[in-house]
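First up is the structure itself, then whatever we jot down about it.
In this document, chain identifiers A, B, C, D, E and F correspond to the written order of the chains, with residue numbering beginning at 1 in each.
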């Protein structure tokens, strides 16, 4: 009897609606190949936007991972700014993947440069820092967000326009959805703009399920060694 | 009835023994999840080491891919220097992954810095160029190869020593096998040195099978557009 | 009547001994020019070494800053890995300086390259990441730590040897003390090795007292804006 | 009896009006904490704009520093392109700070990216080179100058417009005054645009007075060693 | 009796018209100082635009060089994307220069930043990759191409407009012709825009004739050693 | 009647012996193709090692160039640290080439990485800065100098040993002579170590004579425009 692998997606915020949207995307991609669950972070804010939001979600994320470490084979951090990802990698011997890192690394393999489509202008510096952290600043065409949030247009119309600008003005050849809350918009957007559009949740599932199957995880030599030597 | 995905691994050289070793690694990893075949490149040299070797393998690789494009869902280039990978990505709408890019991108997610363990001193500049091409030069701890090739020791002993030096002298936290011919040495080496050791063949399978399942492929906007506009 | 400026040094750990050592260094440097107080972080670990340590000190650091925001004119984060510095800068309109950033930025003005002398081998990747975050990786000669921690020699002897190696092998022209716990060792070490040795606590005092006097603080335009727009 | 520290500001040009403006800014900031004097450079051009201007100011600057070395505790080079700063650092054991380096290093601690507001289009390549010399090219949002110099508007109106463009088009979060001649415009501009505006003269005073008080100066190991070994 | 040096220009495509245009430019520059011949590549496409085009021209280029190695003193690859240049350098002990590398390296010595004027939008990613390969990405102001190819204007008018945009919008101080097919347009364009305009064919002749005269060629230590060790 | 081109080599120091050695190298390379003269700089130090040395040679270099501008077609600055090269490029419309930039740019075309062989340990930071100025820091294998200057061995023996270390320890594939005073040692060293060894004087002659013949010179758009706009 085959033992199926189990993946836990940690949604760093506490919004049940976003948690369910992430779970839906993940289940549809996983099909029967592996079990996947998404949990919101207890004690976290409803939305992660500021540095303080990230800090506030850390204790709950750490607890979630530690309590579930034995049950699951691998973990995903499902906020595109990869909050507290380093500590997640540190505290477990099992593989952990962030949706920001997974989506941007895969994007860099599919075209010359990629743009991140984010939900707020506020997040642009954060996304630029993240791309630089992953050594991808030179292939980041741009980070773009809708100028006004309360536009009457549908979300799809708004983000199609943002993606089009990234393609036309910044020469992006791949689009990365820069917020877990945009999950589900990859295929409609891809159909509209004609270039690959990546949802980080799926990118992270690809990597983490592969690492689990491969029996490879985070190096514990030094950077992610939880014990100071 | 489910249609299982099919992946073709293109071995850029013409060595049947290495082709079979690659195929064995791939089949064991794929199990029943997808079909995977490895073919040697007609007209290619027995081993790819020089720039001329890469050029000589190009016509056969192009032909292999074009002849098999409709049959397979995705392709892997299985030489760690990723020869002719850009042209492979250009001439098909289906996803293509190089074992060099896949292994180094995944390595960068597992630790502070990684070292590539290669088979010849000659290949060091090439590997350094490759890491830089993928914007990973700053996380490349080193490229190392055995100093003398005809040592009486077993391959495992030789490469364990090389990996140990990378860990001790260059602070590598992850090891990447820098030659398809080293396939199968990942787990023994990982057991010996205690940090993750990556075989690019498996890393590429992880990425390409994920892309196929996701329905995402190379952007055809400009860089990999086969038609000059 | 002149109103003297007041600076709060937040020690991210909870060790009273280290808190007092930091306070002593700060008071001696401040003399009568400004008031300076150092507080340990409630709920924080005794020593900050891992990513989890940093996360655990965040809630206490945030609370300390918020509770004291009105009383003090500026703040210092006194752990050389600058834990939670971005959130500190975000949640107050008053200037906040990390001892890591201040010491490395000043070091870069005093010589060709600098080395960070740290207390543990474990912290080397973290320090390298920090230097890169501040765009100083190209002028970082090295990060060095004593190989064995329980050496019978005095601390001064041990770190003099470490600094000498940084000078001789890595061509460091300036030494940065890479741990708040090394405070007080700057002048003895400088006397021993003959090149500038910087204590981040003093470097941060120089910057933050200057910013206060100048009436300049963190930009609230976007990156450190606590309100997502 | 306390001995008060004395700082000499070397204005690399020979313009008495600019010299007095610099002195005024410095005295107001120094208050009674330290003595500060600003001298024009004998034999220098009236304004430093070209490479030849910099070369022509070198002999006078060297003489000024050497003649005053014993009297003063530290020195500032008060032209934002930091002309001849390396030679100034080399020829004295006392600390020397350039207003270009001080302002840009401090700017990098206050926000995501900064823009330099310069007086001439001609100086843009020079400022870009300077930012790169200090490893700050990646956090330089832009260098901007008024397009036409003889506009009828007031200087404040002109530079407010330039700063606004830097904020809106280049996402600058901090503004650096790129010419000593703009001294005094920091606070009005900051009031107008709502983000930090830095005058290099004050930034350099912060650093150099701190270094003097700390008893730290330029490393004489190699780069700034006046004696070739 | 002096033996005059002989240079072979390999045109990587098979277009006789472009071959003759290149030859004309070369002969006029060489005058009587050295002999220079330009040959089209047998079996190559008529125009090199895609990765596949480059691969297809490799066998012919290798054959051309090998057959002529003894007769000529040095070689030029005369397509601005420097196709197969590494293999050309590898297979001969005589100097080989690409028109892309020569023109961009010389451009970097003549001004702050340079722009490459290319013939197709499609080639922009390729040119950006090439500039990065030669470590010139930071001095590449832009790559620009005419937006529409079938404009009724003359070629000179079209490219003058492209160059003007590079100067005005991207601050280019030097223009590089980004296609061998543009040969002959350097002087008219330079007259029109008033800054240096470089034809790679002439730049490569300068370098390769100099290397021949100097008796220096490609290092055969490792990267360009045709024998794997 | 053909008018032969005339090149002036400006030796930034005042040493007649080094001036003659440079002139000899240049004449032998130029043969009858062009006239070349080398002049020492009036008022300059005997040897350029420190920043002050460079400053002191500036007035004489400027005068030399201005007095000879009409007579010569191009100029070379013949000290490997390229002192005052930017001002030289600025003050004339004729081409000016530094031996540092010419040798390092050409070295980067001949192999994977190059090492600069310098005469003093003191000059290492300066050479590293220079390589970075020319965007060549990533292909600089190392800068090396003899550890002790008064060794009894011959100069050739000493520098052969230094070059060997650069090859063996730093993987240099090309050697650059890092001091005009080493002129004449290129061919003996190349014979001894078996990889290309470049004398900057000859490299600069190759470039400047080519630029003159091509009718191309420094861009006067902005960076090297002697008139501030």
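Keep in mind that, in the parts below, contacts are C-beta pairs under 8 Å (C-beta built on N, C-alpha and C of every residue); 3 or more make two chains touch, one makes a residue touch a chain.
Keep in mind that what you see is a predicted model, and the values were worked out from it rather than measured.
Rounded to whole angstrom units, the spacing between the C-alpha centres of chain D and chain E is 43.
Chain geometry summary: the mean Cα position of chain C and that of chain E are 52 Å apart.
Chain contacts: chain B has residues 112, 124-125, 138, 171, 173, 222-224 touching two or more partner chains.
If the chains shown are joined wherever they touch, the resulting network has some other arrangement, not a path, ring, star or complete graph.
Across the whole structure, chains are in contact as follows: A-B, A-C, A-D, A-E, B-C, B-E, B-F, C-D, C-F, D-E, D-F, E-F. Note for the complex: chain F touches chain D at residues 47, 49-52, 54-56, 58-59, 62, 84, 86-87, 89-91, 120-126, 133, 222-229.
Those residues of chain A whose C-beta lies close enough to touch chain D in the complex are 124-125, 128-129, 132, 137.
For chain F in complex with chain E, the residues that touch the partner chain are 29, 33, 97, 101-102, 105-106, 108-112, 134-136, 138-139, 167, 171, 173-174, 187, 190, 194-196, 198, 202-203, 205-207, 209-211, 213-224. Taken together, the chain E residues at the contact with chain D in this complex read 112-113, 138, 171, 173.
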